[in-house]
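Next up: the structures, one after another.
After this come two complexes, each holding subunit A, first together with subunit B and then together with subunit C.
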Partner chain A sequence: MSGPVLDVADLRVSYTSQSVPATVLSRVTITIGAGEAVGLVGESGCGKSTLALAVMRALPANGTIEAGRIAVAGTDVLALTDHQLRAWRGSAAAMVYQDPTSSLTPTLTVGEQVAEVFRYHEGARRRAAAEAAADILAQVGLTPPRQFLGRYPHQLSGGQRQRVVIAMALAVRPRLLILDEPTTGLDATVQAGILDLLESLRGEFIDALLFITHNLDLITRTCDRINVLYAGRVLESGPVVDVLTEPGHPYTAALLACVPRAQDRAASVRLPAIPGSPPRPADMPPGCTFAARCGLATTACETAEPPLGSYRSRAPDARLRQGALGLAGTAGQGGGPARPGTADWLVRCIRAGEPASASPPPGSAPPPPSTEVLLDVHGLTKRYADVIGCDDVNLVVHRNETLGLVGESGSGKTTVARAIAGLAPADGGEIRWHDSPLAGRVARRPRDVARGLQLVPQHPDTTLNPRRRVGAILARAVKRLRGDLPVPELAAAVRLDAHHLASRAHQLSGGQRQRAAIARAFAGRPELVICDEPVSSLDVSVQAVILNLLADLQAERGTSYLFISHDLAVVRYLAHTVAVIYGGRIVESGPADQVFAGPRHPYTELLLTAAFRPGAGGAARPGAGGAGRPGAGGAGRPAAGGAGRPAATADEPGPATVTGCVFAGRCPVRVGSVCETEPPPWREPQPGHRIRCHHPAFAVAAVPGIQPSNGDTVLVAPGDG
Partner chain B sequence: MTAIIQADTSAAVAGRARAHGTLRYLLRRPAFVVSAAIALGWVVVAIAWPVLAPYPPDQVHPLHAFGRPSAAHLLGTDWLGRDVLSRTLAGSSSVLVLAPASALLAVAVGTAIGLTAGYYRGTVDMVLMRITDAVVTIPGIILDVLVLASFGRSELVLVLVVAAGFAPLVSRTVRAAVLAERERDYIDAARLRQEPAVYIMVAELLPNVLPPILVELTIRLGYAVFAVATLSFFGLGPQQPSPDWGLTVSLGIQYVQNAPWIVLAPAAAIGSLVVSVTILGDEIRAAVER
Partner chain C sequence: MLAARRRPVSMRGLRGYVLRRMLLVPVTLLVVSLIVFALAQLVPGDVGRAILGPYATAAQVHRLDAQLGYDRPLLVRYWQWVTGFVTGNWGNSPVLQVPIRSLIAARIGNSLLLAAVAFVIVVPVSVLLGVLSGLRPGSQADRAISVTGLALLGLPEFVGGTFLLVIVGVLLHWLPTTAQAPPGSGLATRLHYLLLPALALVPVLLGYLSRMARAGTAETAQAPFIRTATLKGLPRRVVLGRHLLPSALLPTLTVVSVQVSYLVGGLVVIEELFNYPGIGKLFLDSALTHDIPTLADITMLLAAIYLIISLLADIGYALLDPRIRLAPS
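Moving on, here comes the complex of A and B:
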């Protein structure tokens, strides 16, 4: 271990657009030592990917490295010729991009593509390369590898594709691996599988790791150190545990506060969103880049940019904090080798560590859900050829109520939403609206009924007609939906400024587009608004703004929501009742608090453990010493990773069996063959809380195996733990 | 923020900026500039030929028939002693009215069919597409000759048959673009507002499928020039004494041994217009799809 593997010093990068250069990275210094994993977090547009591309010398044509130094394992990257660069990429440093689909060639088999890496970089013969490819595929959990070598990328799931890309990146053992949002767009359970994989590869295969993400939670699971990037500057850099428990910079603190906490409910609190938006590279303020949005900013902050100074937490005991995060046994403690640089903690702020705003802002409480049934879906069924879209789905939404519909991609959430909206009618079942049947197609529904049921779609980039101005879009909606608010007031209700009305979609940020979409849905007097993953592609700070807005609108107008999401933290914050869908069937439904408190369906359990398990990866980290958290941690993870390296097949949805339980193939607590042969019965462990499972634990309310304790109940599998 | 700056990778830069960039790209392409200059030159001639032509195109001089190119008659004279240069310049006007009219009509009809088929999908789509398939399978020139022979040789019928031959091809392009566009979320929002189908097609979808439609227009224009010239060569277009190029070539072909200039001038004119408009179409398509 001589020097650092990655050494970026005082890097400045600018992009030239219409012959005007704008600095997007400024004085960025990041070092990664051997065996170290460093996280880089920040909101979209803050320069994360630019840094990664600069390190790989793969900036787009209009990007220039203006100053600074980049060295990987002692090699000056900026001095490499194009020819040297080609050999250097892949062998010394490799990068995994966000979208695995575009990283693989659709016309070559996985085996050929992985083997090519060996043939190119190591000059391996065809046969030797094929064998090496099989080995590396096994290492990334694609077992048996023979089964995957001959497949084409489209025959793999998203998680499997990302494993292939990781295998290609690791094939010739690069010193530095850069992961740019490697799990964004993947389901929580698949994401957990990828993170487990990264953990198991650390030490043996992965030396230095740069992990780029907007998701702070992922950083805690994978990294030793964290760098917080904002407007092209590193605002905070330090050990993950310290930074995330006791953030020194107000921006880090604000980012952390945006994520709904377990006890936050839309009925009582709003999320502390960060006001404003990041400065554009073209007009950077002279002082601190965050000053304009900072609650602690003084005049000194606005005049001079503070230096990245060393910082010492005010908290007395670091171990106490680690305990709070559940990170005992991870970096910097126990038998692991002391990693270089773990001690220093840098913050670019003159008021570092001072407490920002106190408690989350209270929200006006919406009227409690009434008992009046607004929407009653019964036996909804839809098939696409021989694939089940949804099967016998029953849902009830009351007035003023938010129903959270939770499931992974492909679970049938969107099928249900589109059937209810009348965009893609179901084949069977009944939808009742105010207790009278609703036509399957939106065009056949009475106009006043249709006006009452609106949609906030998922993709901020296609939700608005790109050719039309926001004002015209809203005006049309108000006219068609018989709204009584004039357009400017409607825009104000969703916190859109007047000048946004003259803009087209491409001039707005993702959050602004989503606000415009919400305004469009609320142009009339909707009784039910279907929100299909409305915040899934937004940064946490923007997500908080949108969630607050939805909560406020519900409080003001008493609108009901059918809120579709894969993000359990978001659902827990917003929903009164929850339905969990898997393989097109509802497997659990009930009041949100009861579903989250348990007992839970094994699938809900899987989703929850995949979503909320801070630092669980520590258990498998090599060289970290200790065996991770004993007891509850192990039992709480019934799915993948039980025995050594997680197999890709275990953590991804398989084909649904039609006769038995849809979840039987992945179920960690399978009772027996009955799960495959007979449809599971509905059990009701608590009034209103229904679970569809064969497991005897659910037969009566309180039984052994379900241990009620401090709100963190776990379903223990028979013969497990 | 980098997303805003990285023009190539983000959707942030669209609309006007994109159209601006396309034009700038095209103006740097020699093939585009040259063919645009030729095509534009013919448009100017078609409008201003009464000023440009040295003689009235139908001024007959039997004594000067079959005159070789000379100072008085730069491109010679034809079998009636009419000035070939003047007739070639004047002949541009019929092609440059008939061909754009056919192309525009074809694109209008094809767009309507494509929008309807793509928006409704299902049975409507199937019926419309089978009909267009049927039209496409009949070789164009045979269809045109049959129709013109049975309905009489009028310029209106000529425009109609050329447009009828091209409209199915346009409709396929438009339909493909609409099928992709109608999956977008803003169409769902419009349907939930119970917008009339015509509104969704014209106000929501059409503006977003305009680029491929404009490309179709330029490409069809090249084919239309060729088709109109071909039909008038067969005598199914403008009739004597029109100076129309195709007609002149077909009438002058019998004198090609002794007075080739009678045929060569309009033939070169047809060639230059067809080639320049076709290259123009290809260049624009390449620029838009870039």
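Moving on, here comes the complex of A and C:
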């Protein structure tokens, strides 16, 4: 057990495009000891996945490992022959990556795909392999496994598929497991289930873990150490707790600052987005790669690249904190104290640890929402065959207001959005616009309604014609929506310049495409813009840019938003009012601050627990104790977060037809059979804050213990001590 | 044990799918029969005149028409024709004066044999070439296969067939130049005689099928699940055989079944060129002699064959693709 499990030293990788090589990884050194979990973060295109693929020796055909060394458990990976490599992959090192929807073979059953690993690595016979597959499926929480063996990937939910991929990766217990964005695109509750699973598998099944993500919060929850990768270089490397509380490198600090904190509101605080974008591999600057975007950069930064130097926090108590929390994180794995590299904290910066000069800029301070009702949705209902799309949905959006619509995938968010936008008319209910009824289909609506009511889709690449120039797309939108802004001004409003306008849509980055989509929606001075998960596929740095932009546009133009998201941190930052939807029904609605402060519907509670446990932006690790939930203040732990962890059940949304409460099947504080038989009543714990629940705690507004002074909910389950 | 447990689910889904799909066959055939019958009415000249020739009197023609039933109302004639076709009572060819059924029966076997020989040659070869080039897109082998396939695609079968006939048959004497083996020959000899006409059918099909197989393979090779299979450490043959090909060749399967209809057109030319007594030659002869009833029955029969083959292809597709087989109905 001596020596690191993964030892990457001075790795240099380049991609050749049109016979011009460009270096994408430069002098990357990463080690992972036995029993250790190491995170790798950075924006898209910084080389995270390239590193993972290089370790697996699975780079695309135009990728070359030019220098350096990769060893896994003492084996020189770069020296393996093709034949050895085949046996090595899957048995010594395994990888799970993004997009579980397409990472399983559609024509083979889950059982066959898992069993294969045993058959080809351990020579197991068909029957024994099937038995082993059942065992490992049970280990990843797919129970009863017999029920899953014969299913095909398309019959599983996203979270279940990712569990299958994890089962395959862990089947023959590799020394090294690489997770590349394993939960991106999954709901917060499903994501929490996967993270819990990984945590439970550590020690017994997982030895060394490399966790790649752009989500800093996930690193906090899973890893011991963190490496920050930028433009193919490691800029900072150290213990997670230290790096994320007292970041040494300005880039790490900037990334952390992009995530909205619990107290941040769009009206008061602008998100400190990182200006610019990472340099392209083809034109790397001679000095520090981050200098061009760095608030601390001096001329010295631009001339010579700083070395990766040893660093100690300026904060005196940092060591102490690491001792306390870091130990708590590793105690459960029974790892020895002598893990290599744990104490190292390296930063590639000559001004490491200096505080960023500017404090977060003030928000764009839009005028408060008016009382004028812009959109009034009443009793909206839609069914698909035997599945409820949405059922009796009521929503009101005032002028200048942002309504956050929150729920998991399959909850009906997009059904509601499409019905309001007139793309898929509802079967029942009424949509009123400026107090007059609105036709179901967009084609039957008057032109000024189409102008005033616009949609920004989740994936702008599917709605922007990739072959057309952005300028032409916007010009057409301005003409069609009879806008009064010239295209360059419209583009300037979303921070796109002439260069972007001349580019074709497919040449833009994800964030630029999303800005183009926003510009198109704003071409005719809309009154209400429906944003369907507009930032969910973007890096935190780009997400901050888009959120600032939406806040600015609201301040300048008084636009209202129907903001649909499963990211509660984003909704809390942007929304004035919140509606929570589950199984096609609104279960809670009210002013954002009240909904987030509580009391909350058990489902809202579940979402919040999944999203913010153990601490968004905080430093607590799982197992570090109950403290550290933002706003929790150590008050009684909500029952939803205790026994009823959102695990495998979270993968499957509510049933198709329900007479009682749609959430009853998953509810941790179910009152009794009444939940299944009677539709829950609307309760109003505070004026304007409505909760649809049978639970007696909501029956009266001011029962002591329901609304503790610190604002956290205490929902006590019957019989819960 | 696992397979046995899985079966009830899949079979139920598959059975429903096949039943729905089978119902479509008679419905489509009914539509085809309407179109064929309508077209037959458009052909100039009447049957009696066609049989009796230009020197018969109008009365004679009229009498013959009445005798053959051509003076009855359209709907009645359509009904008689359709019921006759379904019950196997196909009547006589007014031109050749023999039962149409025996006429077709004698030849359909020949044509199916020729088509089968062509398919047995072309399907494995084109799939193999397509997969090979799809696995290494942009390689020299891929470019050679693609260019050859394209060139063959543009070559009409009467040109290709004539070249083959002249070079392989006449100049080199490798293969017999007629397609029909001497009467009483065994199957081996018959196949030997059929090789040259079958080869003449190959080029165009090869072009289509290998391009489909190439596209499917190249696209599937990029799929994340192939990377998963590779990174699991599976041997390459398993990655290819179990994970890649079933998905990659699904579109090719559909195209193969569509090519059957093309083959009918191809058979007309090739059978004429090699003087082979098949259905294609009969089809052409009937058209030339205005033998409308024979023409109509051949069309119906070919439509039925085509529908049954595409039904089989769809069932095969469903067997290979669980997303269709297990789709909720």
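One rule holds for everything that comes next: the second predicted complex is superposed on the first by the 650 of 721 C-alpha atoms of A that agree within 3 Å, B and C clash if a C-alpha of one lies under 4 Å from a C-alpha of the other, contacts with A are read in each partner's own complex, and residues count from 1 in each chain.
We take it that a contact is a pair of C-beta atoms (placed from the backbone, for glycine too) under 8 Å apart; a residue touches a chain by one contact, two chains touch by 3 or more.
From a predicted model like this one, the values you see are computed outputs, not experimental measurements.
Annotation for the three-chain superposition on subunit A: subunit B and subunit C clash. Contact with subunit C, but none with subunit B, is seen for A:Gly150 once the two complexes are overlaid on the shared chain. Of the two partner chains, subunit B is the only one touched by A:Ala450; subunit C is not.
Shared-chain residue A:Pro281: touches subunit B; no touch with subunit C.
Looking at the shared chain after the overlay, A:Leu423 reaches subunit B, while subunit C stays out of its contact range.
By the touch criterion defined above, A:Tyr15 reaches subunit B but does not reach subunit C.
When both complexes are overlaid on chain A, the residue A:Gly45 reaches subunit B alone and has no touch with subunit C.
In the superposition on chain A, A:Ile32 makes contact with neither subunit B nor subunit C. Annotation for subunit A, partner touching more residues between subunit B and subunit C: B.
Taking chain A as the common frame, subunit B overlaps subunit C at a single listed stretch, which among 6-14, 24-32, 96-104 or 258-266 is 24-32. With the contact threshold set out at the top, not one residue of subunit A is in contact with subunit B in one structure and with subunit C in the other.
The residues of subunit A lying in touch with subunit C in their complex are 56, 58, 86-91, 94-95, 97, 99, 102-109, 111, 116-117, 120-121, 127, 130, 146, 149-150, 152, 154-155, 165, 168.
Subunit B makes touch with subunit A in their complex at residues 1-9, 11-15, 184-186, 188-189, 191-195, 204, 207-208. Residues 1-2, 5-6, 9, 223-225, 227-236, 238, 242-243, 246-247, 320-323, 326 of subunit C touch subunit A in their complex. The residues of subunit A lying in touch with subunit B in their complex are 15, 17, 22, 24, 44-47, 49-50, 60-63, 231-232, 278-281, 421-423, 442-443, 445, 447, 450-451, 453-455, 457-459, 461-468, 473, 476-477, 480-481, 504, 506-507, 517, 520-521.
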